[in-house]
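Chain naming follows the written order as A, B, C and D, and within any one chain the residues start at number 1.
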Amino acid sequence: MLEELKKIVYEANMKLPEHGLVTFTWGNVSGIDKEKGLFVIKPSGVDYDKLTPEDMVVMDLEGNKIEGKLKPSSDTATHLELYKAFAEIGGIVHTHSSYATSWAQAGRSIPCYGTTHADYIYGEVPCLRCLTKEEIEDAYEENTGHLIVNEFIRMKKDPMAVPAVLCKNHGPFAWGKDAMDAVHNAVVLEEVAKMAYRTETIQPKVLPAPKELQDKHYFRKHGANAYYGQ
Amino acid sequence: MLEELKKIVYEANMKLPEHGLVTFTWGNVSGIDKEKGLFVIKPSGVDYDKLTPEDMVVMDLEGNKIEGKLKPSSDTATHLELYKAFAEIGGIVHTHSSYATSWAQAGRSIPCYGTTHADYIYGEVPCLRCLTKEEIEDAYEENTGHLIVNEFIRMKKDPMAVPAVLCKNHGPFAWGKDAMDAVHNAVVLEEVAKMAYRTETIQPKVLPAPKELQDKHYFRKHGANAYYGQ
Amino acid sequence: MLEELKKIVYEANMKLPEHGLVTFTWGNVSGIDKEKGLFVIKPSGVDYDKLTPEDMVVMDLEGNKIEGKLKPSSDTATHLELYKAFAEIGGIVHTHSSYATSWAQAGRSIPCYGTTHADYIYGEVPCLRCLTKEEIEDAYEENTGHLIVNEFIRMKKDPMAVPAVLCKNHGPFAWGKDAMDAVHNAVVLEEVAKMAYRTETIQPKVLPAPKELQDKHYFRKHGANAYYGQ
Amino acid sequence: MLEELKKIVYEANMKLPEHGLVTFTWGNVSGIDKEKGLFVIKPSGVDYDKLTPEDMVVMDLEGNKIEGKLKPSSDTATHLELYKAFAEIGGIVHTHSSYATSWAQAGRSIPCYGTTHADYIYGEVPCLRCLTKEEIEDAYEENTGHLIVNEFIRMKKDPMAVPAVLCKNHGPFAWGKDAMDAVHNAVVLEEVAKMAYRTETIQPKVLPAPKELQDKHYFRKHGANAYYGQ
């Protein structure tokens, strides 16, 4: 079942080592079939060079495994909460990519310092608080999902305009309109995190890019008046 | 038309990912045929691994598309202004290469700290001011070109001796006697930006290289008394 | 003799350049056959691209060479002390991998700043004191082993929960349940060292990850209640 | 003539891009035949992917070109002075490798922070003063050689124990017993420069490694009592 989606999710997973975003098994991609209410995700702890499309695990939105010989990613409950709350997204990525994870470990949101960031992400990439002891010990992965969703609501952020988040002391999640788009945004996030790191080293007192420049670049690629691309 | 130039501009564009200067579609190269008053530029938002020489777009110096199925780069109006004002240049490159863009985001010109820089670029690589709200909202890409040209005039800089510039909160433009030479200068710029970053980390109070050393290296490679190379 | 182990140790050694952990001959891996009380180790100063499984040297736990045409690694006496004291380990790696060695040169233990670290290493990676003049001049490599063992005892650290250490002004040793697992931990150490470096640059006043988050991640991969992987 | 040496010097030159030490043509290697009093050097400004063994240029120790269609490296006069003064060296390398050049631009000697450095270089890698205006304008490349030689004499440094130097605002020279050994030392220098950079970021108040540890590592690889390697 969902053979086409399994193939796409498999290929999106394989893009992670190709783009240098994962070491060993430290990442996972999922993609959803919204009509059927099912999503496909990487199995837990399987090496990328041994992964096949058939290894992908099919889950429903109550968290039941519908198909698959293997256990799904240990982060499956986080993906599930994001799919339930963010209706427009079609794919999710979690990695420990080096620069984005370093910002998460530092507990800092990534300011928008330039047009590379503004082309894809509207405003800063937020770094959320750590989970509480109770949230960690109770249902860690599910509570990670709740926190992301609740914070996006509280901050009035549109998940399609801010397609990434940093979980403090952990690492990034990114998403997009489908699995490949989510991987694309995860690559952008890592590049943006790297440049922001270097920008602050060159000029410790740097300020974010002017709002009008951020708007110009974001809206020349997104929305009704976009004119970038074909 | 301009089949030879299209091929050269295509190959110059393909050098960008080869030298690690671009992620996804974040860069573009153009080249001009000065006699015909036409320039050839990469189409907007097309992946490098799908690009062909035939995809290149031919533009005139009034900004009209003369040939090509695809839309030209969204930065075409910037290229156009540079070709109109800088009579000696034959090629232009725009990238978001990581170190040069970090200096641009930091809003700092790159000082000449050594001979690697002085071999190619006479004096600092200037970082220009951000565009004003009006300049951004009116004709952003064209005004980027105007700003570069006006600032070079105001600073009395010769574009052939300073073949690169940083646009604040955006990234670098580089140019040269033709499209390949422009790419060469874009690679140099990124290396120089990287070394300057590291130089300041090692010695925060570092001063630029002595003027006489900069002169020696620049003029052993450029002008009537050059003796570097064959 | 020990042909299978020699092959494994050879392959584990070859993983070091593959993962970018060694320049030239700056690293060595060994693996032990606990029943026979013999271990196999890389020969000293042999280039990785000339290494063969037959070049591996067989040693006993009194430090006698049992088989092999070549001299064993100059660090053999350190490996020997670790095997004698840490009964559970089956493989050892020494490298001069760049970030871990930089922490060792800085004389600082690597704090646990996030889940990437906590997934594999319980608490900080300790940086030991330098050897004394007497310890260096007397039996340097053996005394390096004694220091690691004595410090782990003094700090009450379980070598299976903390599978790596930094030797001040020198570099890292890592170990694991076998030679391949030791290499795996050496790769993790380098990634963790790199992220910790970047984390402190982004936020100089950063604190280690909360204890409960470290516990959650360590114990979801290790021990009786682990649920990561297949 | 000198066909064997030309082949070796060619191969040593080709190692520079292989080890990531050069961008474009920014480097050169030479090797000397001491009996004949002739040395072989890369031609000036020739791309590495177009270089052939036949392109190598043969020079005598008065600076006359003895054989070769092409002009020798613009740094030939520096090589010449080093060969005349340092009787034991058989090969010389000049690069603009990124970290070593950054230390040179910062005007700082590289302290010996650990055993990776001490294994190859006895004590710090000295960064010399800039040439004076007169030295630059008179005979720049020859005076660079004089400065290196005079400073080594003044500092009482043995060029075989300190096989590298930094020229302020310029970059490194390295040497060795032959051309390949010189390249080996240039690679070591870049690794050591990188680690020293990172070490100081991790611990700004770091001190050099203890003298007894430097001695131990240097002399376990060099001199009468060496025991590293086969």
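Everything that follows uses one rule, which is that a residue touches a chain if its C-beta (ideal position, glycine included) is under 8 Å from a C-beta of that chain, and two chains touch if they have at least 3 such contacts.
Molecules present, by chain and UniProt name: A, B, C, D = L-ribulose-5-phosphate 4-epimerase.
In this text the structure is predicted, and so the values were computed from the model without any measurement.
Between the two copies, chain A and chain C, the C-alpha superposition involves a rotation of 90 degrees in steps of 5. Of all residue numbers that take part in the contact between chain B and chain D, under half occur on both sides, making this a different-residue interface. Comparing the centres of all chains, each the average of its CA atoms, the largest separation from chain A belongs to D. With centres taken as mean Cα positions, chain D sits 33 Å from chain B.
Distance from the chain B centre to the chain C centre is 47 Å, each centre being the mean of its Cα atoms. With touch defined as above, residues shared between interfaces to two or more other chains in chain D number as follows: 200-201. Taken as a contact graph, the chains are arranged in a single closed ring, with each chain touching exactly two others.
Chain pairs that touch one another are A-B, A-C, B-D, C-D. Of all residues in chain B, those touching chain D in their complex are 113-116, 184, 187-188, 191, 194-196, 198-203, 206, 209-210, 212-213, 216, 220, 227-230. Residue ranges of chain A in contact with chain C, taken from their complex: 23-24, 26, 43-46, 70-71, 74, 96, 98-99, 101-108, 130-131, 133, 136-137, 140, 169-171, 197, 200-201.
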